[in-house]
Structures are given as C-alpha cells and as structure tokens.
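Look at the two complexes coming up: chain A is in both, with chain B in one and chain C in the other.
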Partner chain A sequence: MNLQSIFNAIARHRVAAVLLLLLVFPLLMPYEALAANILIFGLFAVGFNLVFGYTGLLSFGHASFLGVGSYLTGIAMVHFGLHWLPALGVGVLAALAAGLVVGYLAIRTRGIYFSMVTLALGQIIYYVFYKSERWTGGENGLRGIQATPLDVGPLHLDFLNPTTKYYVIWLFVALALWLVSRLLASPFGAVIEAIRENEKRAAACGYDVAKSKLLIFVISAGICGLAGGLRALHLSVVPVDSLHYLQSGQAVMMCLLGGMGTFFGPFVGAAVFLYLEDLVTNLTKYWMAVVGLLFMGLVLFFPRGIWGTLVHLLKRHAASAGEHAP
Partner chain B sequence: MSELTPSLLLLQLVTGLALGAIYALLAIGLSLIFGMLTVVNFAHGAFFMVGAFLGVYFLGLTGSFWLSLVVAPLAAGAIGLVCERFLVRRLYGRGIDYPLLLTFGLSYVLIDAIRASFGIEGLPTSTPAALRGAVNLGIGFFPTYRLFLILATALLVLALWLFLEKTRYGLIIRAGSRDAEIVRVLGVDISRVWWLIFGLGTAIAGLSGVLAAPTRAVNPEMGIPVLAESFVVTVVGGMGSLPGAVVAGLLVGVVFSMTSLLAPEFAEMSIYVLMALVLLIRPQGFFGKAGALG
Partner chain C sequence: MSETILQVQQVSRNFGNFKALHNISVDFSAHQLTAIIGPNGAGKSTFFNTLSGALAPSSGNILFEGQDITGLKQHAYARRGIAKSFQITNVFQQLSVHENVRVATQMAVARFDIFTPRSRLQVAIDEADALLERVGLLALRNRTVGDLAHGQQRALEIAMALAAKPKLLLMDEPTAGMSPEETSDMMALIAALAKERTVILVEHKMKLVMGLCDRLIVLHHGELLAQGTPEAIRNNDEVRRVYLGQG
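Right after this comes the complex of A and B.
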C-alpha cells in the first residue's frame, strides 16, 4: 500500500513531481545535451498528447508546429536581431497561428481522414520553409542562432553554459506544464475527454465540439511551438527535418511509448525514446528498423505504454484491495 | 526559359497525365484497402518503394522488363499478405488508429530492410529498351515510356473495373465493403477476402513502384513523400472511391506538371494547396459520400 500512497501523492501533485524529477535529471543522464533534448521533446510530446491522448485526434502534422516555433524564433533572432526572449514569443505566436490555419481545415474531417489531412497540410508548411531559402537556409536549415546572455537581478543566464541552458529551458517547460495541468483540470479539460469518449454524446450535451477541437488544437500547437523555440535556442540551428511528417511520427511514438492520455506518459516516452536512440545508434545503423519494430510491438502488445500500464496496474490493485468500490 | 507555346503546354499536360497515372494507381491501392478494411495503409509509400527496388532487381536478374513487371508486384503483394496475416489482422475491431500506427511502424522496418539488402545509395535505373525513344503526338515528341505509363494504367483500371463489376469475386468485394457482417452471414469467409484485398492493394502499390522506377531516383527514402502525395489524391478524389482515385490522380498529376512549368518553385506545394481548397469547398472529396468520414 505504500506504493499506492506514493503514487497517489504523485498524481495529486503531478506538476511538482515532474518538475522535481527534471530538476535533478541532468545528474542522471550521460550528458546535459541529452537531458535538454528530453526536456524539449517531452514538452513537444505533452503538447501533442493534448490532441492525441486527451481529445482522441491522431494528428500527423504536429511537426509543423515544432518546426514553425523553431524557425520563427530563429528567424526573429538571425534576421531581425531580436533578443531570444521576445523571439521565443514570436515563435510561439507563429505556431499558434499555424495551428489555427491547419486546425481550421483539419477539423472539418474526422477519424482516419484527420490523420491524412494533417499530414498533408504539414507538408505544405514543410515545402514553404524548404523553398524560402533566403529566410530559412532551405535544405541546410537555419544556422547561426546565438542567444545573448540575459541578466535577471543577480543571475547571469548564459546559454554557453550547458547547465544554465538546461535550467532556463526547465523554467519554460515548468510554466507550460503548469498551464497544461490547469487546463486538464478545468471544465474544458473534461469537455475534450468527453469528445474523445463519444463525440456525438458530447455534442448532445450541448458542447460545441468543433470549437473545442479547434481550441485544443491551437493550444497544443502553441505548446509544440514553445518546444520548437526552445529547441532552436538549444541547438542554435533549425534542421529542416523538424518540419517533416516523420517528426510528427516521433511525437506519436513518444506518446505511445509512455502512455497516451496520461500526464506523465509523454515525458516518460520522450526520455526512454531519446535515451534508447542514443544507445542504439551507437550499436547499429538500423535505428529506423528498431523504431519501426518498437512501434509495431507497442501497438500490438502494449498499447497502454509504460506509464499507462503502471497507472492501470495500480488502479487494478487498488480496486482488488477494496479501497475504492467499483 | 523557352516561350510558352500551345504545343508546349499540351505536351506538359500529357506529362502530367503520365505522372497522374502513377498517382492514380497509388490511390487505387490505398482506396481498395480502405474501402474494404477501413485501414489506412501508412506503409503504402514503403510498398511503392519496395516495388521499385524489386522491379529494378528482377530486371537485372532476368533481363526482361515485362517479367519484372509481373514478378515484382507479386512479390510486394506477397509481403503485404504476410503483413496482413500476422500483423494487421490482430488489430481489426480495436479502433481505427491502431492499424494506421502499425503500418507506420511497418514502413520504417521496410525502409531499413531495403537499406540492409540493397545499400543506402539506391539503384541506378534505365528505361526498358523496348520503350526508349519518343513518339510524335502531332504536338511534338513525347517519351514512349511515359505514354506507356498512361496506357498501362488505363488497362489496369479497366481490368480492375471488369473484375469488380462483372465477376463473382468482385460482387463479394463490393458487398463486403458495404456490410461485411451480412456477407459473413451469407457464408463468405470475409477475413480471407480482406487478406487478399490487402495483398492486392499492396501489389498495386508495388506495381506503381515498378512503373515509376525508370522515371525517378530509386532509393530507400523514395516512398516517404509518395505516401503524403497519395493521401492528397485520396482526399481530393474521396476516400474509398475508385473513380475518385483515377480522376483525382490524373488531376493532381496535371496540376503538379503545370505548376512545375509555370512556377517551378511552387510545384511540390501546389498539390497540397489543391487539397486544402477541396477540403474547404467539398470536404468529402469529389466522389466521397458526405458524412462518410466518421
């Protein structure tokens, strides 16, 4: 029962739990760049999970928002000399706008169609950035993003120091996670889950399904855009692949691996995925096959994912112990 | 840039039809599988790529393009049969997203399998000897091979139409895509039909790969953009509709080819913009039924 009470405490203070873990996280990882990567892709997966896990819409276009966030943050800094802090804002706003356009078109369709349409619309954005070489560097990606240090009171935040960089990124992730947690706990959070469970019933209850879908899609795009902007600061380049639909597939993979529709799942998924990638690419050049097999194995045998299975087991355990009457 | 004469535009139109023929074939395979199994095959681009590789491989082995045109699609279809039997089949009735994700994973495995067998560089291709040269269409000379692409697709579509509309098996397939339950009650082994349809759909994807191989670079990643393009065609034409697949395939080919003549930097984008417009005006596509998107 001890495990159970720990688990309950984690569930009650979910944001604090994640943040605490992420605070000491760099100490657990082989190197800080990987830790920062996990932070960024964890946030990306959290944003994606809002649409996929909580609303039940499988988007294959979320790389667009990661990429748009990255590119616009980078373009604002490289071409307009903006400081990284407002530039990050530009990136998030651009991702929100892209989410509005893609979402507006995509929510006109349902089910499988939604996945195909988001994938195809994402490809438009990919080609727009790919072809606008003067602004984006085209195939080579956008280079030369340099974040100038920021002084906040006694703190000197310089991105050249990997530890500082990690904790600055951590701060933004913390903010976003708090926002997501509040959103999910709000009545609106219940509405999107109702849409996932039964769209017709949600509509019959008087909720505006189309508007709710669009709203959550846009919010999700904004979170992914923030992840993208942070990634641009972290890498100081924007690879054009970050807009590709295979990148969207990676978000799906992380959610699936960790457990879709759970609060911690995306972070667990991102951490395991990136750690595994780091490990496997050193051993074999067939990383893609490993990812593919992992995908198929998860779908066939383990659809709840790591964290999702844990939650499920503990719930069942609690039910059989009679703590909660079914 | 050369001057835009009417005959140049017409030639470009025919080039578009040749490209559209490949798109139409791809969309037919996708639609066939979706119409029956309500599975979107995210490995469709990978099967196209596998078809292209096997086509080039069998051509080198046997020296006969015609033989490879038969054997390579059969081999791709056989891979499809194995995948349906051991992987996709387990997921029927478990929600529409699962087969989609499974086939997405499958595409990764197929890409790396081809990399492992043929290397990461890809294979050199050439136009089959019998189909080299150009034909005078009255408006100018047009590559024989591309003309052959249009004719081959037309023949295949005709054969498929006859099969679906005029044979007993076609009747079962059409009935099965309307109501699988009733067909099963009438004594038809529907899971066997689904198995064969998945094989047929992937074989057609393989065939489009074999046919497209001489006109483009054959490498393990060639199927990745093709998947997105075949989605565009299916969305424009209407999911699960064969006439829709043909009409939209040809239209998308023509749009691509015309923009690559008139505004080359927008060529890749144009077909996605076309799709966005169709979504705004007619979300179910040209031949799709309204409300059938659920």
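Right after this comes the complex of A and C.
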C-alpha cells in the first residue's frame, strides 16, 4: 500500500520527519511566536511522555522542571549576566538536579501515591520560587531577560528577529528529539517499556526497577528543563505559573490528546492544544471549555489520541492487506 | 550426594500474628528436580516467594552457593542466577513475543545503555530466537503477547526465565490452569530443563510430580512435614494422613 510505505518511511526516520515538518512549520502558523511556542511545549510534552507514556508513571509535577529550567536560565542571565548559551546549560542542569531530588523521593511510591507526591513536591517548588521575590520577581515573574546576539561564523543570531529566534529554538529541539529517539531505540528504552508493562517481571529479569525509574525521571526532567530554558529566551520573562500544577496538567492533556507512548503523539497534542487555544481565545474567553469538551470527546472515543489512532488505523490497514510488518 | 546449591536455615515468615512459615530448614541439591507440595494453605506460595526473593523471611537465612542472599532485592537474585516463573502469568502484555524474550536476554549485555540502538545487540536477538524455538513459540515471534493462548503465555514465561541462563530455576505451579495436552507438554519441558540445571517447583497436584521429580518436600501448616524420594513420601504415614487421604 502506498500510504503504508509512506508511513513506514516516516516511522523509520521519525526524527528527520518531525524536524523537516518543523522547519517549514512557521509558514503554516498564523505567526512565528505561536510556532515557537508549539516547538517548546512539544518538547516539554515529549520529555514528560518519557515518564508518562513509556514508563507508565503519571507525574503531576513536571511543571517544576519546565519552571526550574526557565527560572534558572533567566536568573543566570539577569542576576549573573551570563550569556544565554551557558545560561541555558545552567537551566538544564538545575532541572536535572530537581529531577533527581523529586524522582528520588517519588519513585518509592506507586500509582496514585506517586502522582500525589510529585504534585506536592511540585507545589513546594512553586512556593519556594513564588516567595523568593528578590531572585524570581515573585508574583510578577522574572523580567528583563535579554539574549545578546551570538555570532556563529557568518551567522548573526539575534533573538529580536522572530524568524531567527524560531530557528535557534528549532536547533535545540532538534538535538533533544534526536537524543530522545536514540534513547527510545536503545536497550534502556526497552527496559522502561518493560517496567511499564510489568514491574515484577522486569525485576525478575534482573533489572533494577528503582534505579531505572530514577534515571528516566532525571532524563525527562532535563528535557523539560531545556524546554523551559528555551521558553525563557522566547518570552523574555518567566511567568510564575510555569511552575504551577496546572502546567503539569497541561502536559498530561497534551500527551493524551496526541497519544501517549508514541514518539510523535505529544508533539501533535501540544500543537493541537496551543493552536486551538490561539484560535478559540479570539472567539470566546471560555476557551478552556471548548478545549475541555474536545479533550473529553477524544479520551472517550479515541483513547489512543490523535496520532495514536492514526498509527493504529494504519497498522490495522497493513495487517488486513496481508503485509506483515517486522 | 551432590553439592548443595540452596540452603534454607530456620526460615520463618509471619503476616501479623499468623505464622505462614515456621522454622523451616532444608537443603536443595544441585542438578536435582525438587517439588514442594502440600495441601491448600500449607505455606507453599509463601515458601516459594521467600526462596525467590519476593518476600524477605521474618527470621532465618537463605544461602545460595554458600553465600547469604537473605533480603537481597529481586533483581539481585536474577543476576546471581536464580530465575523464576510466576503462578499467575507475568509477561509484558503489549510487547511482541520476541521482544518479551529479547528484553530478558538483553539484561546480561545492557541495562542502562541509553544510546546504542538495541537492534545492534545481535546476541540478545539470536538468544531470544533460540529460546523461543526451545519452548515452541518461534513461529509466533511477531505476535503480540496478549493474543496468545494461556499455555503459550506460560511457555513464553519460561523462555524469559531461562534468558538469564539461571543455575536455579524456580517455578510456581507451572501447570496451573492448563489443559491436559498443555500440561503434558509442560511436564516434558520441565523434565528436559531439569537435566541442565537445578529446578525447584511448587505443585498442588501431587500426582503430576510423583513420576517427574527426584525429591519431594512436603509442607503442612507452615512447617516441614517430610522430605525424601517420591517413593519414601508415598509410603510416609503422616503425609498420607494429611495429604493423600484427601484424594
């Protein structure tokens, strides 16, 4: 089948396919800021999906890593005058450290208790940043983040130009997606899926379940931290709600909308979510009601999500056509 | 007398005030097939879970090849060469048959590698196929596990247990819920496996293991009632009283 072969080619070169799409993406969107937003939240959702979709752990604290990445990137620039490039590194390192602490405490629990512990720890981090007004700007958020232009050979990268900004963000997202793709295809990628499917059996096979969960949690936090750092550069401010649990809930929604446990799903979910938000807020201020209804409809009738359903249909199509995918 | 592979020393296990296991001491010889039997509620499953590391004993010690392994984590048991199959099938339902075994064979070569493509770990792939052939599932390698029949899932579980090349294989009621044909296939497989390594299995149906095992251990009310060859157990008056008398 023709459709099938196209699909197979996309699946084989999934990172290249996503990146190609994202390269022309700004042309498809009403304005570049929205496109950049989708890139950032797509990455955030992909990072979250490592823990949620692939390892089967529902974390309600992933806003912490987005927020910590944002704030620490911003603080490094505003208070310490660091250039944006190393500042981004500071943000990612801080998110990794936060992931280590939250993960270490949370993976001792399972199921709903895991969700509650991550939620509680996330809110603690929220209040710490909220109260540290001197460093974080408190309620008003961290302001005054200005990225100095960077010259790479003949390229002059100035964030004041939205197109340049988009493609710089694109580069980091590309690198992160490639790493995630490698991870998912690696032996460790198989271990986390095994843990999701059956923790007892994974342990009986000889895998250290606690250590594996912690490792993927920290990696996931790092990816979300990178998304956060990029967001600080994109917005020039860090709003305090980026640490709020509602932001964590948004990651869950994006994954479910697009299809958890699939590579593209979270990105598709983030794109649909943000595009709808943009579209519907122009029509009514009750945009959440509209998105909420759509969300419920999808969860009830297409529990695999938008991308997940598409993948499923194509697979079934291939099976009925008698082709056996390896 | 061959060497001892597993020693159980005065092991007890309490659940609150209930003594599920009381002061059990028993040695398991290497290269033997030992069956643990007993009527319902005798403590067989608790004993199995204690041997396999799923439950730590409340007191007493367990020695594997002379080393104390009491209270070690589950994955540490597997790495030392103790594998198990569960009473209720425990496999990775949404993964393919081949991937289930491949994950298990991969353990020996890569556990935390986050960068090498796993398609390059040819050893793990080939070993998984060899194990599937051994348990008769190679033809189904690309199927999703959820689509397999119960007996096939049990066979898959054994392939997974064998993946770590265990010196000691523990099996909890391997024929539970199987049809008569599946049961006889499984018994033949167990007999073949026992030629290569030490096997300890828990079985409720005593008749099944009588002709198969080298040695029997009989539990009753959480205590060791008797141990010996099938012949000796069959002629043991106390065993007859508590167990065989019930049919």
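To be clear about the criterion, the second predicted complex is superposed on the first by the 322 of 326 C-alpha atoms of A that agree within 3 Å, B and C clash if a C-alpha of one lies under 4 Å from a C-alpha of the other, contacts with A are read in each partner's own complex, and residues count from 1 in each chain.
Keep in mind that, in the parts below, contacts are C-beta pairs under 8 Å (C-beta built on N, C-alpha and C of every residue); 3 or more make two chains touch, one makes a residue touch a chain.
Since we're looking at a predicted model, the values are computed, not measured.
Touch criterion met: A:Thr109 reaches chain B, while chain C stays clear of it. When the two complexes are overlaid on their common chain A, residue A:Leu256 makes contact with chain B while staying clear of chain C. By the touch criterion stated above, A:Gly292 is placed in contact with chain B alone, chain C being left untouched.
In the superposition on chain A, A:Val311 makes contact with neither chain B nor chain C.
In the superposition on chain A, A:Ala76 contacts neither chain B nor chain C. Contacts of A:Val18 after superposition on the shared chain: neither chain B nor chain C is touched. When the shared chain is aligned, no partner comes close enough to touch A:Ile38: not chain B, not chain C. When both complexes are aligned on chain A by C-alpha atoms, no chain A residue touches chain B in the first and chain C in the second. Residue ranges on chain A touching chain B, taken from their complex, read 58, 105, 108-113, 115-117, 119-121, 123-124, 127-128, 131, 245-246, 249, 252, 256, 286, 288-289, 291-296, 299-300, 303. For chain C in complex with chain A, the residues that touch the partner chain are 52, 54, 73-75, 77-79, 83-84, 86, 90-95, 99, 102-104, 106-119, 121, 124, 142, 160-161, 163-164.
Those residues of chain B whose C-beta lies close enough to touch chain A in the complex are 34, 38, 40, 87, 90-91, 96-98, 100-102, 104-113, 115-116, 224-225, 228, 231-232, 234-235, 239, 265-266, 268-269, 272-273, 275-276, 279-280, 283, 293-294. By the touch criterion given at the top, residues 182-183, 185-191, 193-194, 197-198, 200-209, 211-212, 215, 219, 324, 326 of chain A touch chain C in their complex.
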